[in-house]
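Both complexes shown next keep chain A, but they swap its partner, so chain B is in the first and chain C is in the second.
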Partner chain A sequence: MIVMDSVTKTYTGGVSPISGFSLEIREGETVILSGESGSGKSTLLSLMAALIRPTSGDITIDGKKIAKLPEDFAALYRRENIGIIFQSYHLLPHLTAVENICVPLLPTGLSMKDITAKAMNILSSLNMADKANVNVSKLSGGEQQRTAIARALINNPKIILADEPTANLDRKLTDSLTDTFRRMSDEGRTLVIATHDSALTEALPHARIISIGHGI
Partner chain B sequence: MSFLIPEVYILFLSDIILLVFISISLFISAGIIRNWDFASSADRQYRLEKRSALVSVLIKYSLALKIPLFILFIYAEDKLADVLPGAMCAAGSVNATPYGKLLLYMKIFNIYFFSVWLVINRLDMKTEDLRYTRLKHMLIPFVFVCFAAELTLFVLNFAGIDPAVPVSCCTALFTSESSVFLSIGGRNSFIIFSINYVLLSLFFIFRRHTLYFITNFIYFFTSIISLILFTGTYVYELPTHLCPFCLLQGGYWYVGYLFYTLLFLGTFFGVSAFITKLVSGKSSEYIQRQSFIFNSLYFILSVYYPLSYFLSHRTWL
Partner chain C sequence: MINLKLLEFALGSISARKGKYIFISLILTLIIFLSASVFYITGALRLEASYTLDSMPDIIVQKQTAGQRQFIRRDTADRLLEIPGVSYAVPRIWGTYRYEYLNSNITIVGVDVFAGHLPKDIETAVKGGGMETLLKPDGMITGAKLADTLRHIYNHDEFSFQKPDGGYISMKTGAVFRPESGLISSSVILMNQDTAAEILGIDENRATDIAVFVPNPEETDTIAEKIAAMAPDTVIITKEKIKAMYQNMFDYKSGIFLLIFSVCLFTFFIIAADRFTGIGREERKEIAVLKALGYTVSDILKIKFYEAAAVAVFAFLLGIFLALPYVFVFHAPLLKNVFTGYSYLRPEFVLPFSFSVSDTVIIFLSVAPVYTASVIIPAWKSAVTDAGESIR
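Coming up: the complex of A and B.
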């Protein structure tokens, strides 16, 4: 369960996209954070991922206060619990698809053979096995998106955070991504998706929609 | 106020910069000691956590810089001997004013003390609840006082050196002084040092952590005394040459830097292992092993010189 209690985030310069925000997300729930650009959706996801710290307030995930974790512990927590799908994918351009997917598991001590086998499994489930050894810079937008999803899933996370996942996709790819999200939800993962794409919202009718505005 | 050589100016300016960093840290630490409450989610606590991280960085780099600066200090003392009449090595310049020896001892003490702070800081960063934060900040005032005392002694010493006044050379200093350690004699000092090393090895093998720490502490002194009274004479190949500083000169391949670096690392890791046990209650086999490795390398180096002399000359000095 994700619990945010009176969370405020003020950036240098005094901008506060989030102010006194509270939220509870149950395990296995799908939540869509909807709102305009700059409304604080990405900030909320970054806070849940312990990528940034709040200015005040508590963020607890499964009983662990993640807002106060020192950086080394936050990195470990992310690696074991969270999968993040970024809007612009953040893939490493000089690596192949399978190599990109392997990256999160490199520090775990697993053998390269095991890591690659896991990565190939996930790529297959996303119909990307034939692109495994292609450099990601040569993949289409949709293929890059699926590579990013595969990377988010490699550590088998309980929570998936997706930031504007359809922003760079056409209609067909959006539908395909929606199917992927449904499958993740059926597997019992908690999904938190930040989007202002109404098509995605409509395609996930079971999702709880939380509308957020400036300075929530 | 003149400091005679450029290296002393570099040391002085570096210490002034570090003092500014430590003063800022002192100011921030005062707030952290008063208001730290890790359980709180108030904005003040988050601010304190960020400031604590800043202090850690400032102090960590200040203290880490003290080690190369200490080497520069020794080099400067050695170079200063060139401009002081009568001085043959750093021994002359260290004894040029009444503050020189105090400054040297203070610098050695501070390096170990600051290293202890670094160990506590490392332990703190390894805990999820930053449980040693208050402790490490409570030590900052002592860090400041020690650092300020060192800087005061630095100014008193180097500003007080008069290049027109002759100083004594190392042989004169170490043979005229009627200190206790000189009366031990070269071979005896080496035997004591060797027994110390054997005990150190036994306590390491049988994992007696507290006894290892005590022997490690004594090892620092027995090794330096043995270096001056016994091993050093084989480096110089002269039984009357008793000096801990000439080893640092090019004529002896700067081997002193190797001796002192190994000794520092060995004893430092020994202290670190003890502090880790004392603060966290957990013994660190890894750190203690590092200590034993460096102490052993120091011992091997100390044995190498007399042994190689004996093998090539078939006699002891």
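Coming up: the complex of A and C.
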């Protein structure tokens, strides 16, 4: 499903966290990208999400080359296929939990009523229904994390990309998040998780672990 | 097609950045308020001048020798009446009286109430109880402001004019003009024609000028040419020339004001735009997050357009709704003086209501697109760059 072929990414200034990297991820597979901070994990996720373009090499997802997609096509590709969970959540602070979750679907033709119903369903599945109308800046770290997960799921994506999802969570919340990832996996979604948290790695025994070092 | 969901999102963003948008709205409101006030004052003055001009004679004939204006013989009027197309030719007595105490000039107009053709504003004044005043050799009709000023100085309604020979003529205020009677006429004193001639030092067989009335406007230029041929030592001023002069005066004043205002505005706008409408770190991050969530560049620009349009429309409506009462209810304090000049005896006049849709549209088009562009362009620049770095 996801094929990266000899991908290199060199940033302005000459830093190349990814160099000649190749990878294949099957549909429904859970993959953990493991490595220290600065090893290139986040860059790999950004490349898979077509948020940045590789300097060289090809990235193919579902047979579609995404490496050189024009900006708007890349956005539409993300809207239809990808859910991203950011390390720092990146929720919009002036909105409530349910409003944040609705954001990805606002440009679509769906009615606000339908979008809100979807968002409420996902919030309920994450035991967050009672926090729906609370401003996200007033939510705890764990609640913000679940809101970010709900937002990543609102467009029913085939692929979930999670960047250091446990970085800001305590043990209990990490366990809860692990359960959520298992459920996503059971639903047949492809999960790519960038983490250096060994506890998360151990909690997802079926996941394929890819160790990443500097300048892979 | 407006996406109501994105519009709601944009309005939410405005509410989340209240401080910034209140400041920007205030700047835009002030700009629109000042621009609209200038346009409305100019429009009202033009309208006021046109009212005054309507009551003026079609042609004014003055005698001129060696480039200096002289008093004209009254019997010239009889000769002018012989020109076909002329309905009235009336000798007029008027002139400027210098009142040093107030450092002001007062215009004295002598009125012959039996002349048969009086200008509309004088006729209004005469009908308003002024007839008796003008029949008396010592009666005068003044603007309300002048009457108040003289009463304040002398504690009664009498004022002594000094004649050219050094003697004095004492006059009593018998009536005042209504403020609506006109901007120009309200700085005028009306009195009996013989008394006016005495104060101004005009011989009894002379007049200041001759007012000629031509019922058919199409014939005015032809008659003006005939008068020039008949009396080569005269200057002929048609109503159209005076209209053009007023037009130039208002255009000049509003032009100078707008030029200075535009330079200040431009400088202020650049500083404000640079400081407040540029995309800050938080907004760049928000744009990057939206892109990561699947927003196209046009989706992001729609949001930014809605934000800018909402602020611009709000500021525009507020600016216009403040400018209308400022000009037409409160008579544009401070700003009116820029256009009418200032003196202690400046006439009290009411700006007639004159709302121009085209001027209002021009104001909107000169502010809203500039502001919208100053929001859209940085947002576009941010939206077309890679989002990856902004949200790591």
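One rule holds in what follows: the second predicted complex is superposed on the first by the 216 of 216 C-alpha atoms of A that agree within 3 Å, B and C clash if a C-alpha of one lies under 4 Å from a C-alpha of the other, contacts with A are read in each partner's own complex, and residues count from 1 in each chain.
Note that contacts are C-beta pairs under 8 Å (C-beta built on N, C-alpha and C of every residue); 3 or more make two chains touch, one makes a residue touch a chain.
Note that this is a predicted model, so its numbers are computed, not measured.
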First (chain B), second (chain C), both or neither touched by A:I25: neither
Partner chain(s) touched by A:T8 [first = chain B, second = chain C, both, neither]: first
Residue contacts with chain A in the superposition, chain B compared against chain C: C
Touching partner for A:V192 - first (chain B), second (chain C), both, neither: neither
Contacts of A:H90 with chain B and chain C, given as first, second, both or neither: second
Partner chain in contact with A:L69 - chain B first, chain C second, else both or neither: first
First, second, both or neither for A:S56, with chain B first and chain C second: first
Which of chain B and chain C A:S42 touches, first, second, both or neither: second
Common interface residues of chain A - those touching chain B in one complex and chain C in the other: 53, 72
Residue ranges of chain A in contact with chain B within the complex: 5-6, 8, 53-58, 67-70, 72-73
List of chain A residues in touch with chain C within their complex: 11, 42-43, 46, 49, 51-53, 71-72, 75-76, 78-80, 82, 84, 86-87, 90, 92-95, 99, 103-104, 106-107, 112, 115, 151, 155
Touching residues on chain C, where the partner in the complex is chain A: 3-6, 8-9, 12-13, 15-16, 285-286, 289-299, 384, 386-389, 391-392
Chain B residues within the chain A interface of the complex: 38, 41-43, 46, 49, 125-130
